[in-house]
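Notes to accompany the following structure.
Chain naming follows the written order as A, B, C, D, E and F, and within any one chain the residues start at number 1.
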Amino acid sequence: MTSFTRADGRAPDQLRPIRITRGFTTNPAGSVLIEYGNTRVMCTASAEQGVPRFKKDSGEGWLTAEYAMLPAATHERMPRESMRGKVKGRTHEISRLVGRSLRAAIDLTLLGENTINIDCDVLQADGGTRTASITGAYIALADAIAYLTAQGVVPGNPLLPPIAAVSVGIIDGHVCLDLPYEEDSRADVDLNVIMTQEGKFVEIQGTAEHNTFSRDELNAMLDYAEKGCKELIEAQLASLGK
Amino acid sequence: MTSFTRADGRAPDQLRPIRITRGFTTNPAGSVLIEYGNTRVMCTASAEQGVPRFKKDSGEGWLTAEYAMLPAATHERMPRESMRGKVKGRTHEISRLVGRSLRAAIDLTLLGENTINIDCDVLQADGGTRTASITGAYIALADAIAYLTAQGVVPGNPLLPPIAAVSVGIIDGHVCLDLPYEEDSRADVDLNVIMTQEGKFVEIQGTAEHNTFSRDELNAMLDYAEKGCKELIEAQLASLGK
Amino acid sequence: MTSFTRADGRAPDQLRPIRITRGFTTNPAGSVLIEYGNTRVMCTASAEQGVPRFKKDSGEGWLTAEYAMLPAATHERMPRESMRGKVKGRTHEISRLVGRSLRAAIDLTLLGENTINIDCDVLQADGGTRTASITGAYIALADAIAYLTAQGVVPGNPLLPPIAAVSVGIIDGHVCLDLPYEEDSRADVDLNVIMTQEGKFVEIQGTAEHNTFSRDELNAMLDYAEKGCKELIEAQLASLGK
Amino acid sequence: MTSFTRADGRAPDQLRPIRITRGFTTNPAGSVLIEYGNTRVMCTASAEQGVPRFKKDSGEGWLTAEYAMLPAATHERMPRESMRGKVKGRTHEISRLVGRSLRAAIDLTLLGENTINIDCDVLQADGGTRTASITGAYIALADAIAYLTAQGVVPGNPLLPPIAAVSVGIIDGHVCLDLPYEEDSRADVDLNVIMTQEGKFVEIQGTAEHNTFSRDELNAMLDYAEKGCKELIEAQLASLGK
Amino acid sequence: MTSFTRADGRAPDQLRPIRITRGFTTNPAGSVLIEYGNTRVMCTASAEQGVPRFKKDSGEGWLTAEYAMLPAATHERMPRESMRGKVKGRTHEISRLVGRSLRAAIDLTLLGENTINIDCDVLQADGGTRTASITGAYIALADAIAYLTAQGVVPGNPLLPPIAAVSVGIIDGHVCLDLPYEEDSRADVDLNVIMTQEGKFVEIQGTAEHNTFSRDELNAMLDYAEKGCKELIEAQLASLGK
Amino acid sequence: MTSFTRADGRAPDQLRPIRITRGFTTNPAGSVLIEYGNTRVMCTASAEQGVPRFKKDSGEGWLTAEYAMLPAATHERMPRESMRGKVKGRTHEISRLVGRSLRAAIDLTLLGENTINIDCDVLQADGGTRTASITGAYIALADAIAYLTAQGVVPGNPLLPPIAAVSVGIIDGHVCLDLPYEEDSRADVDLNVIMTQEGKFVEIQGTAEHNTFSRDELNAMLDYAEKGCKELIEAQLASLGK
């Protein structure tokens, strides 16, 4: 392998600067601005009484999530999905991913028949918006649960230990952690990994964007992802004052 | 008239604290966070080459605007319009108002065949989101025009002097300037006024929410609106360093 | 000011010929054809038992309105909104205006838990369709209330005194009342005013289409609007045999 | 067969009173109000240059049609299709029927590359709205063609001899012509027939609403339909002054 | 009449080879693959408890049907209707026809408050897809009723004797039964007939695609249709082992 | 680990019976019925001239895919997406996965400016519909390419060696290959793997449905997936006569 330098000077296994701002807005039970470098996502967790029909009378709660990009978040402005009248497949896909992942961070049986709505709205996009969304949404969820518990709405303590998410890719044959847009757009492989505090996988999604990848390359990427998720969870715990 | 106190202690003709943050995000040509008290709106202006069909080969440019609320902007989370598949009448109405108003602040004949897209996304709503959107969008427009001029894309200087917008209402018989949500929801009359720097009207919209209003009451409201718009335009000019 | 002649020979403060035909169709509780010159709108008021969810168990009724143009109402045929699958912002905006205005002409607490649906369908458009809709819908509402009262469905008498609506504009520096399409399309300012019988405002909407307007100009326009609304209310009362 | 009396006193093979008002509105090239008893349909024919893509460069024209009911046309108000965001199957079906039928009354090769848009909007519904639409649309088409010819837009004379449409049904075992709503809703069989002036079929649609029907019953219905269409074509010719 | 040969060598009054495969898939209560020559339609009948709102508490059941083409069923792939977000008028029209026809083959008063959903999905289209759908759906319905009866869900025996459907057309002046796509696309007239076992009509739909048709031609077509439906009903009965 | 028996008696690393039927329908360039046990998917590949706008004048081709379930494919009938007017997130997600995967099996630079449309329609669902779709679509693609090559439409040979897809899961602590619905619905982890003939990954998607999973468990699942994909590719090659 020849020497390889990233445009922003990071080491291959180094995260971008991570910033977590709690209480970013005041109306939702939890509201967080998370930044992975220039990627900035507003993550909120709102609670409402009752559950969707398929959970009715189950005694359990539910958590659902919606992800969206503001039209001016990207370099070229994108048409607003509400005006197109259709949600893009990519948006649906990420919303479903965020919801599934966050459900791994909450014990629905202890939530009572309440629904948590996670909203992840990308204010500025520079790669890794889905991973930032998940990592940030966990903090918003934690704040919302604390609020609901303080209100006496939630019977037990449904919050599970943190989960965090990061992307890894292969660029010109080099494994790199936490890709900004410039790297993401030319990566041969793109892998998103969501992990728990104890190092178990919640979800892995690896895609050969321009080139297939071997078992060895997968393993190298997973090593980086594990390191990244650990550091992100440390940032989450620090933000929560734990 | 009996003595009357506003919940936030303001004088009847006093604006909420106004904050304007330029360069709030980096991708659009102009990006502004404007705050009227707790109301916070991200206003962006993006430029693209070409114009809609009805302006083709006119030699002129066009400006259009879209307004939206993030789902968690309000006290109770609102369903996301893209997921409902329909844009609400209120959203359409405000988008059209913002577009019309901003077109009064630009000379389209000097813009060349370019289109400016204004996006006003409400991050936190506490009354007056449409007026904050217009006032903030002017700054985003100014920054976008400066950018386009620097790029050599725009032939002349299409930016006109500032416009600003404010609401006035009648609450329990008292005229009040710049209503937060708590006042707005119980106002008898709600008037939105958009004015130019020289004190002319761009648009006035007065609605008897719970009670009709007399010509005298209209005049009293217009006096307050004029004062409010003047102060807002001073804030705009200060923000632009003029 | 130089001498100024309107294309149809009217004085600046003169309405077009107003015609009101009650009982235009027989199925709805109230059905009116209203004509402002060549503008012809069919206004109906239909009653149904029950109220929307947000009014349930309030003991009060509700009134809602929908405005639409037939595709061939305009000089150039317009695509049918049902076929486009989307309602235009302009349509939404006018429907909301008609509904708000008519709710100022009815005491919902005396309507019982019934809903009145106002439909304003423009058969032929020549400017002022929204103002004709409001003036005509009041008559349809009056007839529907009379019908419901005769049926014993409505407990009290919820009908309030008449409201009427008219447009005023500034054309080549001249204030003109009740603009037909030819004037409306080149007016610098367009003001729609909805007033009650006692001369109070229900709604005012003034827009600088091509030029901003001063406080003095606003006052001149309001004077004309007041005169126009008075005459329209006389026509309404005559039509109702009062 | 026992003696049988129709609610409106008509003979079994008698049409309702037919009224045709040409020039009902002034903007479209052809505009007709047609009445079959209490059923009233506004039929317009608008012309535009150019043809849909599948006819491009064919040298031929095209004709398309849209049918709709105003919400208050029926006894119980129906939701407006534009607000539902979906056109009902029944509406699509009738629009297609009207279009197909009218294309049998025009020689598209003589129309030049122009498109005729037929709009049939039901103002008041009392059975037979689709048949009244077709009969009325022929007159609107004739007026539009005359207008286009006078304008020099249409090279030849594309109008073919009249077509007309009528419904026949079986009620309590009795064949009846031109059913109003009260009869239509309890008919065992409903047959719609569109014929040319020379007595040929353009379309027949027979449906066993509550009971199947025999070949003999079909023949009896077709006899009545033929008589009805002849009389309708006479009314068309009289209206056109031929 | 000159001698006339069909491309596939059939006699003018001869059906294409008919194949009926019961139990084509295993999840629905009834599942049939029906083939009219190269036209292949999968027809299923699924049962669910309960009825639509307009049938609630009627003690009766309901039957509804949906028809669709797979995108690759036709020679040129057609866009998928779910992706367009709109169902085509043709699809609506056929779905309604299939539903109406099948309701003539079931006594809804004996079905209990259950709903039968018929789905007809065209795997391969070669003309006559709507008629094949109806004929095949009857078998799927019969199997579903037998299943529901065996389950003890259905109180009585709601299945009525068979119905079948076939197309007839006039090509170059010759009446032909059961048109494949090649004939259908150039037929002057297209008639679809749905009949019962005792030879009564459920529905007839005749359309002059390129030429009007006389009463004599209609009679000749109906004779062929009657012959075709008889043979189809024999095939149905054989398939059901009756 | 205790002894563990699968409901269908298969060994943990054993595929269900795989059946591939080429030429299942005749209109598309490639048409395949693939069966993984009771899961049956019709996969077609249709070719059209030209490419989407973002590929215009690139000299390259494009491949896109759509996946859908017939309403009666599942145990309980599901509403038809075209009738709902919205495509579900799951459908979008799988369509995108199929498209991405198949693009790894074709060299778009050798396809010329043509577009391949892959359609995967599930006739019967019993788990693994997305993996069966991918494996089957490769065969349809191969047949379509052969057809295009024979037609002289495609300049080079764009087909790459086979790809295949399979699911693996963890059920009660046991890793199992190729899950039917009964296993899939209670699996703790669900991993879908798409591989090339040379054993490289095209895509991996692993989801902790009810339980997170360790790196060791991931490795065990990947071993099974590799074995499964190898066998599927053998079946593909056999089907293609290679």
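We adopt the following convention: a residue touches a chain if its C-beta (ideal position, glycine included) is under 8 Å from a C-beta of that chain, and two chains touch if they have at least 3 such contacts.
None of the values given here were measured: they were computed from a predicted structure.
The minimum number of touch steps separating chain C from chain D is 1.
Using the contact threshold fixed earlier, the set of chains in contact with both chain B and chain F is A. Inter-chain centre distance (chain E to chain F, centres taken as mean C-alpha positions): 33 Å. Distance between chain A and chain C, defined via averaged C-alpha coordinates, is recorded as 51 Å. Mean C-alpha position of chain C lies 59 Å from that of chain F.
Rounded to whole angstrom units, the spacing between the C-alpha centres of chain B and chain C is 27. Residues of chain B found to touch two or more other chains are 85-86.
Chain contact summary for the complex, chain E toward chain D: residues 88-90, 92-93, 95-96, 100, 104, 196, 199-208, 212-215, 218, 222. The touching residues of chain B, counted against chain A in their complex, run 25-28, 31, 38, 40, 42, 44, 46, 48, 66, 68, 70-77, 80-83, 85-87, 91, 117, 119, 121, 123-125.
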